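This report refers to the structure that appears directly beneath it.
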Amino acid sequence: MNFFLHPLTMVTFSPLIGVLVLLFINREQKNAIRWVALTTSLVTFGISLWVFAQFDASNPDLQLVIRLPWIQVSSWLIEYHMAVDGLSILLILLTTLLTPISILSTWTAIEERVKDFMIFFLLLEVGMVGVFLSQDLFLFYIFWEFTLVPMYFLIGIWGGPNRIYAAIKFFLYTMAGSILMLLAILWLGIQQGTFNVPDLVAMGGIPADIQLWLFIAFAAAFAIKVPMWPLHSWLPDAHVEAPTAGSVILAGVLLKLGTYGFLRFNIPLFPDAAVRAAPVIAVLAVIGILYGAMVSFAQKDVKKLVAYSSVSHLGFVMLGLFALNSQGVQGAILQMVNHGLSTGALFLLVGMIYERRHTRDMDAFGGLWKVMPVYGLITLIVSLSSMGLPGLNGFVGEFTILLGAWGAGNPGGILGSYWFAGLAALGVILAAIYILYMFQKLFLGPLTKDENRNLKDLNWREVVTLVPLLVLIFWIGLYPAPFFGVMAPAVEKVVAVFQTVAVAGLP
Amino acid sequence: MSLDLFLFFSLAVISVASALAMILNRNAIYSALFLVLNFLTIALFYLILSGPFIALAQVTVYAGAIMVLFLFVIMLIGPHRLAYSEANRWQRPAAMVLGLALLAEAVYILIFRPTPAISGEQPALVENFGAPKVLADVLFNQYALAVEVIGVLLLVAMVGVIVMVKNAGKRQT
Amino acid sequence: MLSETATVGGIFSLAPLVVFIPLAGMIFNMLFGGRLSQKLVGGIASAASGLTFVIAVLLGVALYNQHGEPVVVPFLEWIHIGAFQVDWAFRVDTLSVTMMLVVAGVGTLIHVYSVGYMHEDVIHQGDPSRFRRFFVFMNLFIAMMMILVIGDSYLMLFVGWEGVGLCSYLLIGFWYEKGENGIGNAIAGNKAFIVNRIGDVGMLLAMFTLFWVFGTLTFDEVFELAPEIAATTPAYIGLITLFMLVGVTGKSAQIPLYVWLPDAMAGPTPVSALIHAATMVTAGVYLIARSAPLYTLVPESQNVVALVGGLTAFFAATIAVGQNDIKKVLAYSTVSQLGFMVAAVGMGAFVAGMFHLVSHAFFKALLFLASGSVIQGMERGHHLEHHAHEHDLKPRKKKSKEPPFDPQDMRNMGGLAGRMRTTYWVYIVGALALAGIPPLSGFFSKDEILLEASHLNTTVYILLTIAAFFTAFYMGRQVWMVFLGQPRSAAAEKAEESPAVMTLPLIILAVLAFFGGLLNLPGPHTFGHWLEYTFEAFHLEMETLPFSLPVALISTLLAVVGILLAWMFYGRQPLEKGQEDPLRGILGWIFTGMQRKWWVDEIYHFLFVNPYIQLSHVFAEYVDWRFWHDWFHEVVLAGSFNQFARFLNFRIDAGIIDRIANGLGNGTQQIAGQMRQIQTGYVRNYALSLFLGVVLIVGYILLR
Amino acid sequence: MMVPINYFVALSGILFILGAVGVLVRRNLIVMFMSVELMLNAANLAFVAYARHYLSMDGQVFVFFVIAVAAAEVAVGLSMVIAIFRTRQNINVDDLNSLKG
């Protein structure tokens, strides 16, 4: 198949068609702009489903490969190399799903410079999907950096009062980490003679101590993006200042770029270093889980609360990844999706109330369940999913992650101590504390504030925005088999390297 | 002196004379008419040199269209003489000196540096050389792209002229 | 899967319905209930519960017909990762059927009762639209409880485990705008959920260990492997059982995690009856009984469990003595009785524990529902009295001076026996059953536990016996304070009996509480044999001890003495309005301790809650924000960068580079000033220079 | 028998120098223009002469192009002359020095 008709090219670049159309629409025709953007993103979602239909879940290798020479500099070839496998397919679907949902959520929230907003948003989608699909380090790096620009403007133009500060901070932090990664990429490319990820993985043979340095360089970029404790300082700023749709995408997809990077590059490329670094990363992850949950609990701004909860949730994901066994890694991938759904939905819900009341201070609410029953019910379900109630998606992810981490904690296992999983499990309690506290502050208690008395419940558009997320929340919670089935062969392939170590620890 | 040479020298004298007259004449209309004469002689040279198509193009385009354009503009503006100007009075002698210098260099080349390119007999004429058909063959095959580009150039020139003249008029009002 | 799967068919294929019928009822009421009348909504919910009961009965009969052979009904693939394979599957055996019968049976009665109770409650609380929501939650609870008891694996049990916790949370906070400071109920809900979550983490850890030791979470496979594992690494099983105990202490309100249950009384009374007395809180007992093949392998864990149960039974009973809130008494009584059950299953007396679970479900549900009837009777009385006053004194302000009337405070009651006959009599039945007076159900079940304890664990036996004595005493105290003597408030004087829709379930439950002992009479041990099918499948010896007269006599005697004592303090001289509790005079600070729940809540607040809140504020405000966000990132990182930039700017840039640049610029400008003279602007000059250039170049070429 | 090529080249050179001198000495914009045309024609003459000399059609093709470009150039140039005249009522190049540095 040629370049343009290849499904992966189409799913990556189809938003650009929407951008092109938007360029020719008068900026005053806001509704037309919105519809064009929504249609484009829905078409992209359709294409991603088409990609999914062509995807063979039983095949652990990269599929739908498109590999064209791109830039040739002396003997180094940079390729346009894209492919999909079980590690990325779900995240692509998540990205293409969250984009139309976010666009729908901006229908009335964004009134200023709608055209620019939509253009940036669609460009962002191109970058995100590209990151998940690239199999060439250089191509990956380009998409990786490319996601920064639209997000920078989304925060910087449509954000809250402190938006410029937040946008610059977001940009600088991610940039700082990326530069180390770029150095590592160049080192790999020059030393190993290729930028091609599958080839590099197959080649192996990097000395262990050099692996560690490269691992650290890659990890610097990804850990900031995740963000792992203690590199999370940009997150509350960016989340609080970003417009709702920006927060949804930031939490739902952009943070996953970091965890996905660990899974796609760090672990397969530097397996020895991964084993050596696993306990360190697990310590940071566990601290992140507990610390994020505690800090979250003490917030007054509900959006900040949700933002810090991401630190906690992503701690679970990192813990699962570096359990380096199939339970942990599969749970981590599922938890990436879950976090995208739950936290995405929470940000949407926060945005909805913010649109009505123009405040996010939890003290300004209370007793909302009485005036907004539908809103209350949906928030309850999403909150429960976020804190991992069995039967909803969060539980499946957290449980399998902790199960994997516990397994990796066997004496002689990757982590070597049960304390990691044991302490991380306490995060389950702390999650209940901050989530219930939030729910109580917002929805329970008497309706004391007059401004809250006449709040309108969700309208059909808002419900439509949330329904796909709710359906998935229940689906993954009750019947996650298809999701695990898609990723299982690919994950087995990744963790096979580490199995000798892990199995040795089993009693 | 053969007939050819005679013809050449007569035409050359007319040509140089008309060129000089064009330069020296104070009246622009006369200048233009002398230039037409010069062009016609050059067209005859082309004929001598087996370029019938070019010769005709010279007559129709240069002597015809372009010079008519010149005359139009002169009519439009009016053939009045220019007032005496103090500026650049040294220009004329300097130009003369330089012109003579260049002439001297040219003479030097022609006489003292004869290279094969500018000396020797003309080769015998091949059949159909310079026929319009042959010219067209080269023009539309080998130089097809250049022809297209020239076409675009003319179009652009036309648009440019219209815009310029129109805007100039606008600015005035 | 084991061989049982092959026998699935016929009636057992109905097993999933016990979950789906209540769910269907819930969804129906959620979607369409808004347009239906209250009676219809309640009727549908009750019917769903009732139908579930019918299915449970059918399953029981089918099971009996095949001699208790357990059946596993597979339903749907769930989590399959590598070696980890857990499915949604339903396990029907005598133990799960027993639980189903109790849950659905008592649940149905409570549903019916609730139709009447909630009808009035929503009027009292001022939001009739919430009637529907109550039944939605109740049906959800039944479904979740069914998942808990019918699950085929620990993971599925855990789904129900947390699911019922969620329903408990929702129903405790049902009147979320009421309670202390308007937020008390919601906070009680939070407390219940969070404390339960602490236990749930124990469950999670138990499951992790289980999986990595056994390689499976399915009951059959775990129990099959257990003896083998115990032979090699018994420590793991000890760990698993202790982790599970943490879960049990959370869900079944044992020391140290019992604190949520008394607060849970903030929920409507039927909720207290169903969730916080009869069913959900017994899930821990069920879990231990279910895990019997594991517990029997590690006697050390068994001792710990038994001790926790015994201590809880004793400790909670002392607190119950000092309570004045009619529901709080019953709540602590529940904690205490749960202690009995946990102690029983801890000692390995699984049948006794389960038997007490069943009979307790009957009489405690009865007591709670009856207390609900009393409370509403008081409410009605208060309402009448209030209205009468409004007729008399029109301009009177809305009782702004007096504290709000508390219909649950026993000090406001008294003499209700005359005004609420049915309620009174059923209450007496419940109280006597609870106190363990023969031949009521409580006597047989409690006696069996004491009998086992006297054989197996003397410490626990003593603790339980004392607890039994206290039980009789506080129940006697309650009956006398509530029903006998003279009314101590105007509301009590005008209290009215509840409607038939409420009293009918009460009567049925009273009958069950009275005759419940027949299930497992010392001779035939019907119930024991019924459960043995399940336990013996895993080669557990279910030794049944012969009836022992001394034990029965001691406990009965103590119960009678307890009641007599209660009569001495509260019956002989009924309390007067505003009178101090006579026990205070006798016990002094001990009574205060009982009344203040031994300050456990305060201690927990001091030890855990406040430090956590403060620590999180310190983390959030100082560590994360001021130190890390503001100081480190703003001052250290950004600040030093700015300093560096300023240094570059003023020193390097302005000092050196600028000077060079300015010098270059000025020089250029001066040269340019002279060069510009050449630019005359005359096109002819330019042409001339061009021409000069041509001449010079040609000349250069020639002269070269 | 035939005219040697150097004659044509010499004539071409003379005409070219005359044109160039014309550009330099005349102040009338139109006559300057005409002088430029003269220079072009001088070059053309050389082209055609060499085409004959080398028996190659390329020279004539170039002349063709030069004529076409000259036509365009004249059109644009004259329109500029008109534009200048309209704004300044004068076509004396010595009055135009707004580019003076």
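For clarity, chains are labelled A, B, C and D in written order, and residue numbers in each chain start from 1.
Criterion: contacts are C-beta pairs under 8 Å (C-beta built on N, C-alpha and C of every residue); 3 or more make two chains touch, one makes a residue touch a chain.
Just so we're clear, the structure is a prediction, and the values are computed from it rather than from any experiment.
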Under the touch definition above, the chains in contact with both subunit A and subunit D are C
Between subunit C and subunit A, distance of the C-alpha-averaged centres to the nearest whole Å: 33
Report the inter-chain centroid distance for subunit C and subunit D in whole angstrom, where each centroid is the mean of the CA atoms. 102
Centroid from C-alpha atoms only, then distance subunit B to subunit D, rounded to Å. What do you get? 5
Which whole number of Å gives the spacing of the CA centres of subunit A and subunit B? 73
Contacts with two or more other chains occur in subunit D at residues 20, 24, 27, 94, 97
Subunit C residues touching 2+ other chains are 682, 684, 688, 691
Got the subunit B residues that touch at least 2 other chains? 87-88, 91, 94-95, 98, 102
Run through the chains and report each pair that touches. A-C, B-C, B-D, C-D
Complex contacts: residues of subunit A adjacent to subunit C: 169, 230, 233, 236-237, 291, 294-295, 297-299, 308, 325-327, 330-331, 367, 369-370, 384, 389-391, 395-396, 399-400, 402-403, 406-407, 410, 421-422, 425-426, 428-429, 432-433, 436-437, 440, 443-448, 478-481, 484-485, 488, 492, 506-507
With touch defined as at the start, can you tell me which subunit D residues reach subunit C in the complex? 20, 23-24, 27, 93-94, 96-101
Can you list the residues on subunit C that touch subunit D in the complex? 675-684, 687-688, 691
Subunit A partner contacts - residues on subunit C that touch it in the complex: 76-82, 84, 88, 127, 155, 158-159, 161-163, 166, 169, 173, 176-177, 182-183, 185-187, 189-190, 193-194, 197-198, 200-201, 204-205, 207-209, 211-213, 233, 236, 612-613, 615-617, 619-621, 624, 628-629, 632-633
Please give the residue numbers of subunit C that touch subunit B in the complex, ascending. 682, 684-685, 688, 691-692, 694-695, 698-699, 702
